[in-house]
Structure formats: C-alpha cells, structure tokens
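Below are two complexes that have chain A in common, paired first with chain B and then with chain C.
Here is the complex of A and B:
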C-alpha cells in the first residue's frame, strides 16, 4: 500500500458575496494559492479531483467549463459530488488516486459560490422550493413526495438538536458555547467569513429564534469560497515540505433511507442523533489508520458543525468523548486552542460555510495543524493525529479523514 | 501492483420509457449484478455510483439511492460524470489495496427529463448560456462540418455509421427500439437538429442503469473462473473552448488512449484489439474517435467503415452492441461499453457476438461538448 500525504492547502477569502469574481475565477484563486504555498505548478500535477454542489449554482459539469481556470488542459479530471460532504469525498478521491498508483501528485479542488446561485433553491430539491424548474425537467411522484417531506437543512437540524438535548441534557447555553468558540477562533484565521472576537454566550442567546432550539446567531452563514489541496506520495512529499500530513484513514458511510422508505417508515424510523453511519464511518477510518483508542490518540479534531448541536453530537459518535459528555468537555475548556483536545481552531463550518468546500476545509485545517502551519490559530499541543469529519446527504452521510504526522503502521 | 478484474455485470433493458421508478430500476440492476457474480451485499466493501443531480432533478442524487442499491451502512461515494469514470474510481479503490470488491453502478431515467435543457446548464454560464447559441447539438454540428470539410466526407458517409450502429443495436436483445431495416436514406431524411446533424445521427437519451462488480486479482479468481481484467485506463480533458481545439480530430481522446495503451502494453491497437465499444454521441464521432484511438490513420475513419473492417464480422468490429447510437442511457453509457467488451471477451454477447475470438478490447466514455473529456479502458481475458 502506498503512503499518501498532503503537502499544501490553498484558500480564497470567504464572504457572503464575492461578486467581484465569477465562479471559475474564485476557484482559480484557491488553485493559485495552493501553488504559491507549495512552490509547485501545474506541470507537477498528474490528475485533478474536483467537486461542489452542482445545483446550488445551476452548473452541470462545471469542471468542463473551468478547465483552463484550474489548469486542467490534458490532465485526467474526476468529479466527485456527494452534497455537504463533497469536499471530504473529493479529498478521499484524491487519496485513492495516489494510493492506487494511477497518479503521483493530485490537485483536489472544492468550491461554492453561493451568492451566484440559490442554495435554498438547490436544497429544495432535497428540501422544498425549486419545484417549478424541476417539474420542467421532469419529476416522478416519488421525488415530489420526498421533496415535500424533507424540509430545509435547519429543519433537519432542529429536530436533531432537540433529540440530542433530550438525550444528553445539553442546554441552549452549551450550544451557544460552541458558536462562541468557533467564531472567536475564526477571528484568528485569515480567510474566514464570520469573525467575532468578542462574541459571548449571552449575545448568541439574544438573537431571534429560527427553529427551536436554533437561534439566528447559531446558524452557519452562506459563504462564497474555494479550497484546493495537493496530495502526493510520501517520497515526493518529503521533498516539498518538512512535515507533510499523512492520510492514514478514509471512509464515507451513508445511512440514508428512502425518504418515506419501503413500508412507509423512512426518516421516522431513524433516531436523528443516533448516527449509526457516523459510528461506522469513524470505526472504518480509524481501523484503516491503525488508531485503536481515538479518545486517547486523537490530538485535534475538525468537526463539520453548521449547527452547534452537531459538533457536540458528532464528536461523541466519532468516539472523542463518552456518550452525552461532549458539553462537559466544552464547559471545562478542553476544546480550546490551548486545551488537550482542541476542536475547530479554524473557526469551523459555523463561522464559514462555502458548502461544497466546507468538508475539504476541515481536512485542510486538520492538515495545517499536523504540519504546524496554522499560524495564529495553531493549537498549543503537539498534533500527531488529527481527524476531519464531514456531514451531508439529507441527514446522514459521513466522510472521515484521519491524518497523522507519520504514515500508518504497516 | 494489484490487478483489477470484472467479475460480474448487469444492465436493465435500455429503452425510451421503462415505465418504472428510478428506485426500482436501481434495485433491479444492483440485485442482478450481485446475482451475476454470486456475491452477497456484505461481500462488497465499497460502492461507487454515477448519477447526475440535474438528470435526477434532485440535489445530492446519491442520497436516497443507498437503500435501493444496497450500499447503506457500507463505504459509498458518487462520481458525477459518465459511469466509465465511476469504474475508474472503483478500480482505484481496489488498486489501493484497501478494498477487495467494489460495486459500480450508474444510470438515469431519460424519460423523466428534457436532456437538451439540462445540457444548456453544462455550458459557460457567463456568456454561452445567456447567448443560448452553443449547446451539445450546435457544437456537434461544427464538429461534423469540420470533419467533413477537412477530409471531404459526405453526409451520406456519416449516415452509414448511424445505419451500421443502429442495425447492430437491433441484434442486441437489451436495447429497444429495434430498427433492423434502417437505410441511409431514412437517416438523411430524418429531422434536422443542427445542420448537418440529423436526428438519427444523434444518440438521444433513454432509461437505463448498468452495473459491474470489480475485484482485486486474488479475490477475482475466487469469485469466478473467467474474470475480465482491466489492464489499462487512461483519461484526459481538453480545454472547454471550441476555438482552442481541433474539432476534426480529438486530441483528448488520443491522449487518453495513449495513456491506456501504455499502461496495458499495447503498441499496435489495430492488430491487438479484438473489439472497440465507444460512446459516440453522434455518428460523425465514430470515425473521429477511431482515428484518435489509432485504429486507422487520420482521415481514414470512413474508409475503415466502408471497407467493412468495423462491421460486426469485420477485422476490428466497432460498436457491435450498437454503441451509444443504439442506446444512450446517460451515465450508464460508459459502463455499458465496458460491459459489452467484457461480454465479447467472455463470448457472452447474446446475438451480437463478433466473429473472431476477442482477446483484448477497448471501451470508451466521454463527457462535454464535442467529447471534451475522454476515458479509455483496455480489457483482457485470461
């Protein structure tokens, strides 16, 4: 088995509206940044993996149009899209391209230019709006039923949050604490969207209620932004950077029943905070990485948390904390930049959410911490093993990327 | 390096309207492919699908397919390109050594959406889309004119490609409708889509799902006696802009084929290959691609056809199954090409088996205007 390493991560400035660039130009910025960070150029790249949420910007096959903007001329290009987890899936794709020996050096790109399209309109096709356009393209009655039943992302998250709070005893203050940590950390990270260095729990709890228990101040922003990373073999990586981030475990598992399901149960059969697929995905990725005790061996975590309850829930399901104990760790300050298990030093998805790119940014930020290149938001403790999580699908598709400062044990 | 073998394949019938739901279609085919390889759901370690959000009319088109395709609670992902790329990704997962068996499926329900409209969303949104002039049909018209002008080819000669492939498709029991008596005259009198491209020269879309099971060498030998080995894969993408490309030749397909030949150790494709299955979205793409693959010299694609070399009984049959012109279930088209080559190698092609024994075959998939991005797979028998 070939060892695979990340040698560079590039970003664009994220904001509500990056109207001064079009979609391809935005992506181009991230690609140029990763080339600048690594000193490599397009001649060094053997293959490209790319992805976003195609229906958010109404772009079918965007990689074809932006071929020249990503320097793809006469290179193999593979597009992988899996919704909110797209970035994580693109990273996994880049990993397998190198691990299989089909390519040595791979450029991975994920992006979203949400202001250039309609996220809610796109989500509506899992969620609820763009029915007229869909009807034009043709829609089966089954699809219509699913659309009517799904609700938006906040809808899915709110019943998940209530369920989690009931099960764990977490309070709205616990949820707000995650938001405060993320957005304060974001103030230390150059490209992030919501920088709020002085935010307090009280501030968050004063904002209007959107869907109980989620308040306006707890919900992630919609950002424009892109991320690009370079994956290569262990041998080549050592020539490019002193400390590469080795990719030791990858997995993506889904637990998405047909909306109304065979027998009509569908979603209702699911406990939204049980997250069996997250447990399975984490187990598979840790097994591949040779990590037996994640709560002891993992030094840093990037959790995909557009809604703060998800940070608490997923960190437990991954195995970083005991069941229902995540809030306690946050209260004790263990997850801060100087804590023993820092989470989302980058600011996380709660502060910056260019959806297609978000799950990749989790991997990129975990890689920066392993490489010691996170700058102002570099955590105090040494990071030997880090985990990057991605959430997507309509409720349940989990990508996991486990990184380390050394290749996995053979 | 680990070798990857195809140990099972299945497809639904490819026809304009299957009169069933997507979910049923996916269930049918993924169930069938497991039966074909005599494998159980838990024997499969990773699933790769190929669907498209715009063709499905739903964001995250893989998210509600996991239950029907058997991939729930299994490692699972989606490639949003032609299914041949999903096979590439499935093969990479096996080659990495992390997975032993991969199930790859792809497809769409052409009867439920307007292909021409979804394809408008695939052009440059800043200018081409707003001008509403450039689309897959008008681009193909440029390409066909370019090829005809460069090599003095006539519309009648291009129509002969359509006749050959549509006659072959009539021999394929899994393709509907059948037109065994189609003539050049009929093709030339069919509706004009974008001059000089006519309706019967164009691979319209249809309903269909196609699946394969891939396995690492050691496992493949345990699973079946006659795995078909994937020995070479090459892909390549060109610039988007037609003005930056040579339309009468396909540089990207040429590079993709060269990469695949290099990996498979093929030096003389015309001699070594026994069958070619390509995704020709238009009749004129077949000679262009045949030239790109090095099967004949530049500009000789039509002569190759007229000499009967690419016939089902010819020296190197091209598209004995009918190719994409026979049936084009978007995203399943590339997988179907791979399956057809595998069938020919196993001698399993019901009704359209080629005359000579096939040792090696080439399968091709494409996406984009005038085949902007191409993938070539080389397969071999035992």
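Here is the complex of A and C:
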C-alpha cells in the first residue's frame, strides 16, 4: 500500500439556510476553496469521490447532474453514502483509491443542503418500514407518536445519555460543559454555524427540554454546507505543501441496527453504551497507524458529537480516556485549546451539522491541526497524531481516520 | 491518460477562477488567510422552486411470521421472545436473524411480564392551546424495558400520571394489559411500577 496524504481542505460558509445558492453552487464553493488553498486545479485530479445523505434534499444522483460544478468531465466519479458517517466513508474511499494505486490525486467532496429538502421527510424514508409495521399491528397512535420521538437520532442519544450518566456519574453540567466548549471554539472558526463566544453552562441549562435529559441548547443545529479535500500520494504531497497530513489509519465498523421497533428487536445493541463497534473501529485504525497507546500518543481528537453525552462516551470508547473518566478531563480543562488533549477545537458537530459533510469536516479539521493551518483555532500543543471519528448509519456505523505528521512506521 | 489531454483546453471557464492561473506551479506559500475567503451573499439567478416528495407510492414488505406469533400470544396475556440457537440471546420482541451470530432465530421462549427499566427519556407534549414559549411542557416518560428472561429491551410508555422524577434506571415494572385483548400490539397498554 502506498502512503497517502491530505494536502488541502476547502469549506463553504455554513448556515441554517444558504438559500442564495442551490446544491451545485454550494458544492462549487467548497471545491473552489480547496483549489485556492492548494494551488492545484482540476487537471491535477484523477478521480472524485463524493457523498451526501440520500433523500434529505429529495434528489437522486446529485453527483452526476452537478458534474460541471465539481469539474468531473472525463473523470471517474464514485458516490459513497452511509448516513451520518458519509463524510468519513468518503474520506476512506478516497484513501483506498490513492493507497491502492488506482489514482494519484483524488478530490473528496461531502455536502448537505438541508434547507433545500425536508430532513424529517428524509428520516421518514429511513424509519417508515418500522413505523408502518408497528401501526399495522395495532400500536395505538398515542404510543406510536411518543415512541417515534424516541426513535429519531435525539431519542437514541437520550437513552444513551441516561445510561452513560448512570454508569459514569456525569451530570447535566458535564454535558453542558461540552456544548459550551464546542460553541465557543466555533466562534474562532470562520465557516461554523452556531458561533457563541459568550455561552455559559447556565445558559445551556436554562433552555427547554427536548428529550430528557437533552435540552434544546445541547442539540446540534441543521446546517447547509459542503467540504472538499484533496488526497494524494506522499511524494506528490511534499511538493504541494510543506507539511501534509498523512493518513495512517482508516477503519469503519458496523454493528446490529439500532432502531426502536419490533422488526429491529428493540435495542439490538443490547447495551446502548457498550459501543462495541466504536471500540473495534478504533482498535483497527490505531493498529494500522502503529499507535499502541492512544491516550498518550494522540495529540488532538475530533469527535462526532451531535449530542454532548456522545463526546464523553465516544472519547472513552476510542481509548483517549479511561472508562467513565471523560467528564473529569473536561472539568480539569485538559480538552481546551491550550490543554494537553484538545478535543473539537473546530467547534465540532454540536456547532455545525451539515449531515453528509459533518464526518468529513472532522477529518478536515484534524488535518488542518496536523498541517498547522487551523488559524485562530490552532491548538497550542504540537499535533503529531490526530484522530477523527464519525457516527451514523442506522446509528450503528463508526468511521475512524487517524492522521499523522509523518507517514506510518513500516 | 487521454482524458487529461482533452481537458487541458477547457471551454471558457468562469473568470473568478484563481485556480487556473496557478496551475502547474504548486506554491509552497501558506494558504490564504481565512478572512480572505469570499462568501457570495446573493445569487439573483438562483431561485427556489417549491415541490414536494410523496412517500405514498412505496410498498414495504415484511415477514410477518414473527410478529404474528408474538401478537397471537399477547392475546393470551403471554409475552414470547425468540432465542438464537447459537448464542442463546433472547430477543423480545422477536426478530428473524440474530445480529451477533447471523443465525436464523428458531426457539420460541416465554418471558415474564415483569421487567426492569434499563434506560429512559421523556417526550414533551404540548397541547395546541399551550403553544406559548412561557408554558412549560409536561414531560411524558418513555422507558426502555427489559423483561425478565429476555436480553433485549424495547421502548414503551408508563402508566400516565407517573412523574419523570419517579423514574430511575433499574426500576421494576409490570405489564398492564388492555381490558380488551384483540391480538394487537396495543394489548400491552403500558407498564406500572411494582
């Protein structure tokens, strides 16, 4: 396998409604930005991988009808879509193409224009098979309505949250602390959606409850935005940028589907906080990258945290903290920009969530930290190894990308 | 590659294409400062065309043997689960294939009508007349119950009137059967704390 490096990351401005652009124009902004950042152009690109959440915009094969806007003429285009982890999977797809030698330079794009379509309608296409069978077999409308509330992503996370808080002793303040850190960091990042430089824990705990124990102020926004990255071989990367971000480990692991219904057998993950798939995925990616002690060797982490309890839970499952100790690290300030293990300096998913692009932005932000190009939100400590995590699918797929400032040890 | 030759002379690129000028000479200079990025504020030409997407036309096919067996037993006030022949995990409600060993589940077992709450959440229900910001919505607890003898939990409701702060992980609950058993999922009306 060849060594693979990331040489540039492009973003669009994210907002709840980018109504002045259509999907193609939105993606075009990110693609132009990545070309501007790297000084490359479409002649240097051999292949394109692209992805978004299917059905959220109500459009099929957007990658092909916008091929003008992504400069895909006479190039292979591969669309990858795995729900919330789409961006992470697109990154892994781009990595495979370069590592295998099929292509030298690959453009990876992930986007979501949620205001264009109906997110609820899109989610219904995921859950309607389960809902229809419940209704057909005589579940009363009232129960169905309440249970459906628990079946969506916020519902799944709220059960996780209670389970996590029960076993680790984390309090609502601990959850709010994650949100405050994310949204304050987001204020330093130019493209993010929710910029709240003065947010406090009390402000978050004052907002109304959505799904106990998750409050309105703790839940990620729905954003419009796109992200584009360029993957290339280690040799070419050194000619393009001084410090590329080398992709040293990738992994994506699935578990049983985690739906609410009869068909799925209730909680198929018999334990909502076990997250076996996350442990396995982290183990595989770290093994590939040659990292034996993640809690010592990882300098920076981007955790996919649409809900704050997941930041705490996943960082433990990845191996950054000991079991049930994550909230302690947040209390001590270890995860701040100047801490010894900064997490989500970019603002994370909690501040910006363009579904398809979210997991790719985690990889892009980790790459920027390794390359030293994050700007205002560059962390104080030197970043040699960074990890980017993604969570999605039918709430059961974990993608991991481990980046480093040097190619993996052979 | 022939593809590269053809694209070398593109047909008229948009004028605001800085990438084109710097082509073939990758610079080692640091990337432009984030503030220099241009965000287009207005596209007069981009118009929204409203349309809707209906899901009505879809048909979902479902293997009803498992759920039919389950609801048939609900009519007799019995709760059945299905056990994986390989790893012995009992799924309540039943599902066709064990997600752990990919064996087809075959063994039906009866489980107790008592169970424990393994996790919970709450929905916030507002009446239409209360749709004001200052009205605090009343939380309705939603619980994940694991029956005794089963390994999987499923999400259900408690008897109305039970407050959220009375619910805790590990709470023992019991099925409250509907007065009229019809062989439907609604035969389990809700759960009562023991």
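In the analysis below, the second predicted complex is superposed on the first by the 374 of 410 C-alpha atoms of A that agree within 3 Å, B and C clash if a C-alpha of one lies under 4 Å from a C-alpha of the other, contacts with A are read in each partner's own complex, and residues count from 1 in each chain.
Just so we're on the same page, a contact is a pair of C-beta atoms (placed from the backbone, for glycine too) under 8 Å apart; a residue touches a chain by one contact, two chains touch by 3 or more.
Everything numeric in this text was worked out from a predicted model, so none of it was measured.
After overlaying the two complexes on the shared chain, residue contacts for A:272 are found with chain C alone; chain B is out of touch. In the superposition on chain A, A:93 makes contact with chain B only, while chain C stays out of contact range.
When the shared chain is aligned, no partner comes close enough to touch A:315: not chain B, not chain C. Shared-chain residue A:256: touches chain B and chain C both. Applying the stated contact rule after C-alpha superposition, one finds that A:74 touches each of chain B and chain C.
Of the two partner chains placed by superposition, only chain B is touched by A:83; chain C is not.
Touch criterion not met for A:233: it reaches neither chain B nor chain C. Once the two complexes are overlaid on the shared chain, A:101 sits against chain B while remaining clear of chain C.
In the superposition on chain A, A:280 contacts chain B only, with no contact to chain C. In the superposition on the C-alpha atoms of chain A, the part of chain A touched by chain B in one complex and by chain C in the other spans residues 22, 58, 73-75, 124-125, 134, 137-140, 143, 146-147, 255-257, 262.
Of all the residues in chain A, the ones that touch chain C in their complex are 8, 12-13, 19-22, 25, 29, 32-33, 35-44, 46, 58, 73-75, 117-118, 121, 124-125, 128-129, 132-134, 137-140, 143, 146-147, 149-151, 155, 158-163, 166, 190, 208-213, 239-242, 255-257, 260, 262-268, 270, 272, 373, 375-376. Every residue of chain B that touches chain A in the complex is listed here, in rising order: 1, 21-23, 52-54, 56-60, 62-64, 66-68, 71-81, 85, 88-89, 91-98, 109, 111-114, 117-119, 121-126, 233-241, 244, 251-252, 255-256, 259, 367-369, 372-373, 375.
Contact residues of chain C toward chain A in the complex are 1, 3-4, 6-8, 17-20, 22-28, 30-35, 37, 39-43, 46, 48, 51, 53, 55, 58, 60, 62, 67, 70-71, 89, 91-95, 99-100, 118-125, 136-137, 139-142, 144, 151-157, 164, 169, 182-187, 190. Residue ranges of chain A in contact with chain B, taken from their complex: 1-2, 22-23, 51, 53-61, 63-68, 72-84, 89, 92-93, 96-97, 99-102, 122-126, 134, 136-140, 142-143, 146-147, 251-259, 261-262, 276-277, 280, 284, 288, 392-394, 397.
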